[in-house]
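See structure below.
The first chain written gets the first letter, and so on, giving A, B, C and D; residue counts start at 1 in each chain.
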Amino acid sequence: MTEEGQHPVLAAGMHRIRVRYAETDQMGIAHHSAFVVWLEEARIEWLRRNGSSYRDLEAGGVLLPVVELTLRYRASLRFDDQAVITSRTERLGPSRLAFHSRIERDGALCAEGTVVVAATDRGGRPIRLPPSIISAL
Amino acid sequence: MTEEGQHPVLAAGMHRIRVRYAETDQMGIAHHSAFVVWLEEARIEWLRRNGSSYRDLEAGGVLLPVVELTLRYRASLRFDDQAVITSRTERLGPSRLAFHSRIERDGALCAEGTVVVAATDRGGRPIRLPPSIISAL
Amino acid sequence: MTEEGQHPVLAAGMHRIRVRYAETDQMGIAHHSAFVVWLEEARIEWLRRNGSSYRDLEAGGVLLPVVELTLRYRASLRFDDQAVITSRTERLGPSRLAFHSRIERDGALCAEGTVVVAATDRGGRPIRLPPSIISAL
Amino acid sequence: MTEEGQHPVLAAGMHRIRVRYAETDQMGIAHHSAFVVWLEEARIEWLRRNGSSYRDLEAGGVLLPVVELTLRYRASLRFDDQAVITSRTERLGPSRLAFHSRIERDGALCAEGTVVVAATDRGGRPIRLPPSIISAL
């Protein structure tokens, strides 16, 4: 949320999650795979707030599968914790889009990561990012 | 494992699972939702051992969605525990099939349950159980 | 949602969920195991709205593991669908509590089920339901 | 499996998985978060084959939480597909260990990634990697 001007900051969004009991593991913290699911939920909410329903995109033949994922875990999240995911987007060529995200609890960084998605048709062939997304960037 | 003759025992099968770390929760045991996924895996293995690939069934237009689920949890399973799922099947009319399952670790009952699936076409309309399944019962 | 007076309706609560992409399966619908996780989330919210934090209960040595689960699936939920879970509680003896729940989308029943939890200490031994829960019933 | 000599190849291991139905999503492929869980399972099997039970490690006070995760997805995996995960390990200082993994189906690369774990005590404080792991490297 404190992205400086020199970054290719194209859009911003926030999404709030609460750690589910089923997302904890026997270390007593949220399992690292849960963050991957939260980031997906945050991307979908980012699209919605920017005028694109991912459901409608898929219905129209535009899929956005994940092609790359990087996550650095900084602090644990525990059951029932609430966290805020802040994402900024970056266009990577005609069909790829990166979401750079920070997951914070009470302002403290818990994880940060980047997810790259690629626009494809239903057969998995790369296509251009749809105008509705490009205009939101 | 010891189903007597008076039951409508139609077929039997066993499937082994090992509790994944991601399947534990902060109680230090396998989360109760993991059992639901294991039972599904056991059904698919039951089909395979009885000559039906569920992948092929779906490719051929036969889906087997779950319509009813009952589970009673008797003892915990922990990370890395191995358990054996023993299932017997029961036909419930022309399109429905019940799997009665026991999940045991070292011969001790951890959970038992029944899952009812219904054969449908891709549009969700009930269809008859395919002959490949009926002949396996 | 239409609990009649003759039922042992002791409390009621509602919880809203939205189907995550990760919760869908290749049938194009929410996987049946996702409902189990949503019901857990709804129980925890029911406790919170009734003055009990499940996090605090566990920290105080009271666990509420699931001992029985029944679900009947009536209609599919799809990605991005929102559903409302309405639960009423029923006390089953000194240590057990049943949550009878309906999962509805736009007023249409998608699933209904009962989850029974048992109060235990950290060692898994049954204990009495805590007063904070009993007073909420 | 074709790691060249100039890499800090310290050990190798293979682990086989089969895509569960619950791991698919409505794109008809294994959800990208499932790979994260498979890599964890592969790490635990790597430890076992190298003489370390992760269950015993945790019981002895040594935890190996994930601190970094990178995944590049190259080709889809589908329901019922079998894949082989090949991992080589690399020591990163006194308390960190990297697993470089390839996920292949029939020899074709589906995903590759690196997971870094850090040895900690139960309080989350960094500790040295245990001798049982170091001797396996």
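Following the convention adopted for this analysis, a residue touches a chain if its C-beta (ideal position, glycine included) is under 8 Å from a C-beta of that chain, and two chains touch if they have at least 3 such contacts.
The model shown is predicted, which means the values in this text are computed figures rather than measured ones.
For the copy pair chain B and chain C, the superposing rotation over Cα atoms measures out at 180 degrees to the nearest 5. Farthest from chain C, judged by the mean position of CA atoms in each chain, is D. Two chain pairs are in question, A-C and A-D; the one with more C-beta pairs in contact is A-D. Counting the residue numbers used at the interface between chain A and chain B, over half appear in both copies, so the two copies meet with largely the same residues.
The mean-CA centres of chain A and chain D are about 23 angstrom from one another, to the nearest whole unit.
Rounded to whole angstrom, the centroid-to-centroid distance between chain A and chain B, based on C-alpha atoms, equals 35 Å.
Our note on geometry: chain A versus chain C, Cα centroid distance of 29 Å, whole angstroms.
For chain B, the set of residues that touch two or more other chains comprises 21-22, 26-27, 29, 33, 37, 40, 79. The touching residues of chain D, counted against chain A in their complex, run 26-27, 29, 32-33, 36-37, 40, 58, 63, 65-73, 76, 113, 124.
Chain contact summary for the complex, chain C toward chain A: residues 20-22, 37, 40-41, 44, 53-55, 58, 78-80.
Residues 21-22, 24-29, 31, 33, 79 of chain C touch chain D in their complex.
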